[in-house]
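In order of appearance the chains are A, B and C, and numbering begins at 1 in each one.
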């Protein structure tokens, strides 16, 4: 598989106060594929994807060193505004977090309204398209005025995906998006992730190796804040180069 | 059937009686104020609430609390108008913006403001704030906008406006600290979701944090209103203490009177039982107003702080 | 698009500056109050001023009165407040307790002048027949009880359940467990809560205005009018003579020192509580 590079980290270190969570991560993320980040809990995988859209720095006393490149540009350069980066690199969280004070419609439209979009047909169309892309439209099209928290957990997570898609990002980060969902809702999200890869670059953190194998093209294995191994998903699962990776994917620890 | 009396039961029973002392105080107050004001209420009826005279001269007695009720509402209104935006700014700054190194000392200063006794606020208001308000606000405003009724009169510095300002300062610690708690109780997942779609920090605060916490913040504001309405000494010392029809708050720059200041000024000097009863009646009006407001605030604040982390709807 | 984004960025900065301004505006009065009280009050301070009676231009009776009020009020308010708090914390999961908790919270916000009228009518008229320290202390205890009850409840809730269970498992009765184990474990919270309540009532004026009246002489007896610092400040501030007004500033300095000292003790005792 040969694709172009969308994002790249170079010698990335991350800290929470005195505690170092990531050590010298150099990793390339290819465009329009799904990259899975796996590893035992506490290995730094969530921290890693939160550095990719500068969400990491919202935690008090969090800092990083090294570079994160998006289309070759360092997103941590002085002149770069994190708000702009987050529009280009969207995020879906572990627990569905639709905005409780907003309707389903407003949840999806919120990002566009911030950028100055006015009410009207154009906005309606983007909301509809985003919900369709997130395969939620048919289930909620008659309830767009209901609160975003009034639907089921799986639907809420797809609403959050629609919310991320609406601002037309280039990359979508997903932090264990199915960990709070039942198997049926999980299956729907996994199918959706595959579809999204046609138009977006997707990075998904998961502690579920079967999920990584099912949805991703490339997989990176993290352990204790270090990148242990990275490669095409099939190769990594069938033929791990590192002993640690092998132990992890065969369930010997984690 | 025989009930065994144990030490635990006795202890629980006696603590259960003691805990009712707050209720006893409350009921006693309502009882005292109701019976104390019977005389004036029987004599004047509705006129006691709607009248503007305060005349203890025998044969021409006439007591009405309307000017003081309005004075209380106007001064408290000014306090909210000025104090609430300041308090919200402080709460937002402390909860969402300030780095820890600044947050801790600033919260300490705001708590210190709450610790200053009301009579010292009054003393400062009488000898310091009065002249700031008079020279930098009242005289210029009166000179330029004096044709507007609420800014008319001869500014003097001891008036409704100064009382409102001092109340604004005094409610800041209450409104700011409760709002800050409400803001801190907004789940972080909401902030993260908002940041992830490209909101700026201020947009996150304005469209998400404040909107999620709105009923708790409303509760904080009403709690501040309760404080302002019941505040006695500081107001008594700066409001100018007008009595009778002169106390109607027609201009902000004229001496006025609130219900608490009326009582503080006149209660002990009241020569006749009827006038004493009138002061107690003013106390009853104040008590009912304050109970209403505080029960409302209580409902709003506790409801919000209890659903911490959960969704509103 | 870019233009609208620069407006958003500007709003973000402006909001920060505005909120910072709010803090500064709130701190100015505090700074001014402390400055004026120290500047105008310090020149008054002397042994003579602090110890002589009102006729000799001193505030001795006021200081003595405030200390007597603090003592008497604590004598009434602390035991009742702590026992109320114990009930709310240890037996507080029923409807009766939650009603009492609500009433307690409402009493905390009671208008202080109304407390004065109540105590005046019950004690001054009904019991002592005169303005008296007793009436003042009872009025102030009406304000102290709900504060102590609430802080006690909060302090007891912080005591780990395992401590209660350990004591009960040893066969101790619940009431002995509460008195000998739970209350001592929470003593720091109880002490700070009580000190804060004392700081609050020490500065209250409205309730004592209607109950102790004021007095130029030192303590005359439990059924005689008495002086107190906040009351002295209020009464002197209304006198036309600049000398008498200056005494009010001296009294204010003494009062604020008492209140600040109590707050600083609490601050030191609870160090770390505000670090999140």
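Note that contacts are C-beta pairs under 8 Å (C-beta built on N, C-alpha and C of every residue); 3 or more make two chains touch, one makes a residue touch a chain.
Note that this is a predicted model, so its numbers are computed, not measured.
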| item | value |
| --- | --- |
| Chain contact topology (line, ring, star, complete or other) | complete |
| Pair with more cross-chain C-beta pairs in contact, given B-C and A-C | B-C |
| Geometric centre distance via CA averages, subunit B-subunit A, whole Å | 49 |
| Euclidean distance of C-alpha centroids - subunit B vs subunit C, Å | 18 |
| Subunit A-subunit C separation of Cα centroids, rounded to whole Å | 53 |
| Touching two or more other chains - residue numbers and ranges from subunit A | 83-84, 114-115 |
| Numbers and ranges of subunit C residues touching at least 2 other chains | 8-9 |
| Subunit B residues counted as touching two or more neighbouring chains | 100, 200, 203 |
| Touching residues (chain side subunit C, partner subunit A) in the complex | 1, 4-5, 8-9 |
| Residue numbers on subunit A that touch subunit C, as the complex places them | 81, 83-84, 114-116 |
| Contact set on subunit B toward subunit A in their complex | 100, 187, 189-200, 203, 207-208, 211-212, 311-313 |
| Complex contacts: residues of subunit A adjacent to subunit B | 53, 55, 58, 60, 83-84, 86-87, 90-91, 93, 95, 97-101, 110-111, 114-115, 147, 149-150, 160, 163-164, 166-167 |
| Complex interface listing, subunit B residues touching subunit C | 6-8, 10-12, 14-16, 18-23, 25-26, 28-29, 32-33, 36, 85-90, 92-93, 97, 100, 104, 106-113, 115-124, 126-129, 169, 172, 176, 200-203, 205-206, 223, 226-227, 229-230, 232-233, 236-237, 260, 263-264, 267-268, 279-280, 283, 286-287, 290-291, 294-295, 297-298 |
